[in-house]
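Heads up, the next two complexes both have chain A, just with different partners, chain B and then chain C.
Then we have the complex of A and B:
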């Protein structure tokens, strides 16, 4: 990584941020869908606190779907609006990926913390270990951004990109779902602290794997010559 | 500056072009001609590195040695012209030419207007700015005058003349006027 690579990554991040702030498609879709899910869950459990295991599952699924509906946009929209050629004419592929990944991490962090807060308030679920919940949600956000970015980058340019994206997302996001569920279950009182921290560590490892391998895999997938 | 050996591109069973050999040096302008659908744009994309050849090889300058402007190349609809220039200056690691370049390309006072609200001619001028702001070695122009008025066409002429002093140009066109810039011609028959 050199200063030019970093400047390119930040330039791509800034472009993503400006475009999103002006169109608000991604954030709006993510928040609207997720808010609807949280409200539906709170209505379903109206008058009673959901069991920790069930609450962990519901929260994990909400976070997952909020990421899946919005995060691949930063990649797929380049293809759909025809700007991908313009970008790859000028940008180093790994730097372009990194810029988009940083944007997705920021959007994912915003989404998961707002959603978790709303979920806890609306379902009135008790949180015996708020620190583990915070750390678990933090690494879930990283893993989601890393996984969904990777899927988006790999299926860009494919004919049936949304279908292919779903197929690629299954193995990429499955470990994150299991580990996230384990961490959130312990944080909400459905498991022991050591089990929870083990899952948090697993989430950290999976996030690092996805985030580190993403630029290289995307650059290989975007390559057109040789 | 640019070499292609036994270049071919097919889509499924259909060969768009095959067996193309070319070498382009500084001061040369290659005009790629042919009716619609004969693969002019595809050839430019393969030569510029935007599309993989099915067979053969291309030797071209690095990322910063290539400038490419085409009708089907889209701009970021939410970004203004100065924001485009700032973004691509950072990506190409060159100074931001800013308003000065926009003025010289006939885009004065576009300010913060997003490119999504530009006319086709304005978009073509901005694409030309993005293709030339880093002074590339090889400039690819796909139907460069198609969306431009007389002033815009004169601008293309000046750009090509300037480019030929420091490098080479490849133009894909159907416009007979564009042939006046050519030092070499390649006709694709389909």
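Then we have the complex of A and C:
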């Protein structure tokens, strides 16, 4: 990694951030969808405090669908507007991917923490281990952003790319969801602390692998002109 | 070729007869119907092999950019899906016979269903691209991306203590030496002939795909030659045209 690569990545991130802040329409719709899914989950458990196992599953499924719907947008909008080739002229493919990945990680972190906070308030679940909940949710956000970004990058240029992006991401993200559920279950009092930390470590490994391999795989998939 | 297929057909027929003739397995709800395992386990092994082979072929395509590797990759995914479906069907039959339910969300059943989804999505992803090179590149990258979840779902998840405790699915039967000689012979014999059948299917399908690629290239070349010969503005020589000065 050299300094120009880093500068390009940050420039792409900045461009994503500024263009999103200009209209805020996409960000608003993403958050609205996430909020609605949390409210729907809370409504499903109306009058009852869900057991830790069920609560962990509900929260993870909410985070998964929120990520799958909102995160590929940064790639697919670029594809639809026809500006991606222009972007590739200005930045290396790996840097373009990395810039968008950073933006997705930021968006995922914001969404995940807001959704978890709302979920805990609305469903009134008790959190015996808030530290594990925070760390578990943090790495779930990283793993989801890494996986969904890569799937979004792969479906660029495909027919039915919005639908295909979600379908491609879901089976790839299942192990992360399983590990996330394990960590959150322990944080909500449904499992032991060592089990929970084992899942957090698994999530950390998964996030690092996806985030490190993402730029290389995306650049390899975009390179078709040989 | 014909002789190989004949040997293969005879071998599979012999193994089928052997599987029926071998004594019943003990410690099963329906001992006589535990024979499904002779086909279930080899299908699962061959499916996993093709899944991991797909990742290797994907890597080869991305490093060489030769569409021949993509033909091999596509065949590998299709065969993984075929043997995965066989595994799922025989597993569902086994579940009904031994556990009383067609589907009971057993962790092993569910994790294998997710593996099947990985293959189904690979095929859907290939269908999403019309351009052969783009399709090959994206499919190869996805095959590499799927390697980690596939490894987790096939090798790690079923061996987690909490999953082992919750699952009805037998695990480590071979490792613990719980198969008697008749079962070992039946299992390894069926695996051998199914693997040979899979290899034959793989090589035939790859040959057909490569021939199709060659034909497509030849047609493309002929089309280019024809358009060049017809003096089409896109490919012909552009000559200066005189412009009249009259107004």
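Criterion: the second predicted complex is superposed on the first by the 220 of 226 C-alpha atoms of A that agree within 3 Å, B and C clash if a C-alpha of one lies under 4 Å from a C-alpha of the other, contacts with A are read in each partner's own complex, and residues count from 1 in each chain.
To be clear about the criterion, a residue touches a chain if its C-beta (ideal position, glycine included) is under 8 Å from a C-beta of that chain, and two chains touch if they have at least 3 such contacts.
Everything numeric here is computed off the predicted structure, so don't read it as measured data.
K.L.:
By the touch definition at the top of the document, which applies to A:44: first (chain B), second (chain C), both, or neither?
P.N.:
neither
K.L.:
Per the contact definition in the header, classify A:161: touching chain B only (first), chain C only (second), both, or neither.
P.N.:
Second partner only.
K.L.:
Is A:15 contacted by the first partner chain B, the second partner chain C, both or neither?
P.N.:
first
K.L.:
So, A:170: does it touch chain B (first), chain C (second), both, or neither?
P.N.:
second
K.L.:
Let me test your reading of the model: by the given contact rule, A:195 touches which partner, first (chain B), second (chain C), both or neither?
P.N.:
Touch partner of A:195: chain C, not chain B.
K.L.:
Would you check which partner chain A:7 touches, where first means chain B only, second means chain C only, and both and neither mean what they say?
P.N.:
Once the two structures are laid over each other on A, A:7 reaches chain B alone.
K.L.:
Identify the partner contact of A:218: answer first if only chain B is touched, second if only chain C is, both if each is, neither if none is.
P.N.:
The answer is second: A:218 touches chain C but not chain B.
K.L.:
Which parts of chain A are touched by chain B and by chain C alike?
P.N.:
Common to the two interfaces on chain A: residues 224.
K.L.:
For the complex, which residues does chain A have touching chain C?
P.N.:
Those in contact with chain C are residues 150-151, 154-155, 157-161, 164, 167-168, 170-172, 174-175, 178, 195, 206, 209, 213, 217-218, 220-224, 226.
K.L.:
Which residues, counting only chain A, touch chain B once they are in their complex?
P.N.:
On the chain A side, the touching residues are 4, 7-8, 10-12, 14-15, 18-19, 22-23, 81-83, 85-86, 88-92, 95, 224-225.
K.L.:
Chain A touches which residues of chain C in the complex?
P.N.:
62, 65, 114, 117-118, 121, 124-125, 128-131, 133-134, 137-138, 140-142, 144-146, 148-149, 152-153, 157, 162
K.L.:
Within their complex, state which residues of chain B touch chain A.
P.N.:
45, 48-53, 58, 63, 66, 68, 72-79, 83, 86-88, 90-93, 114, 130
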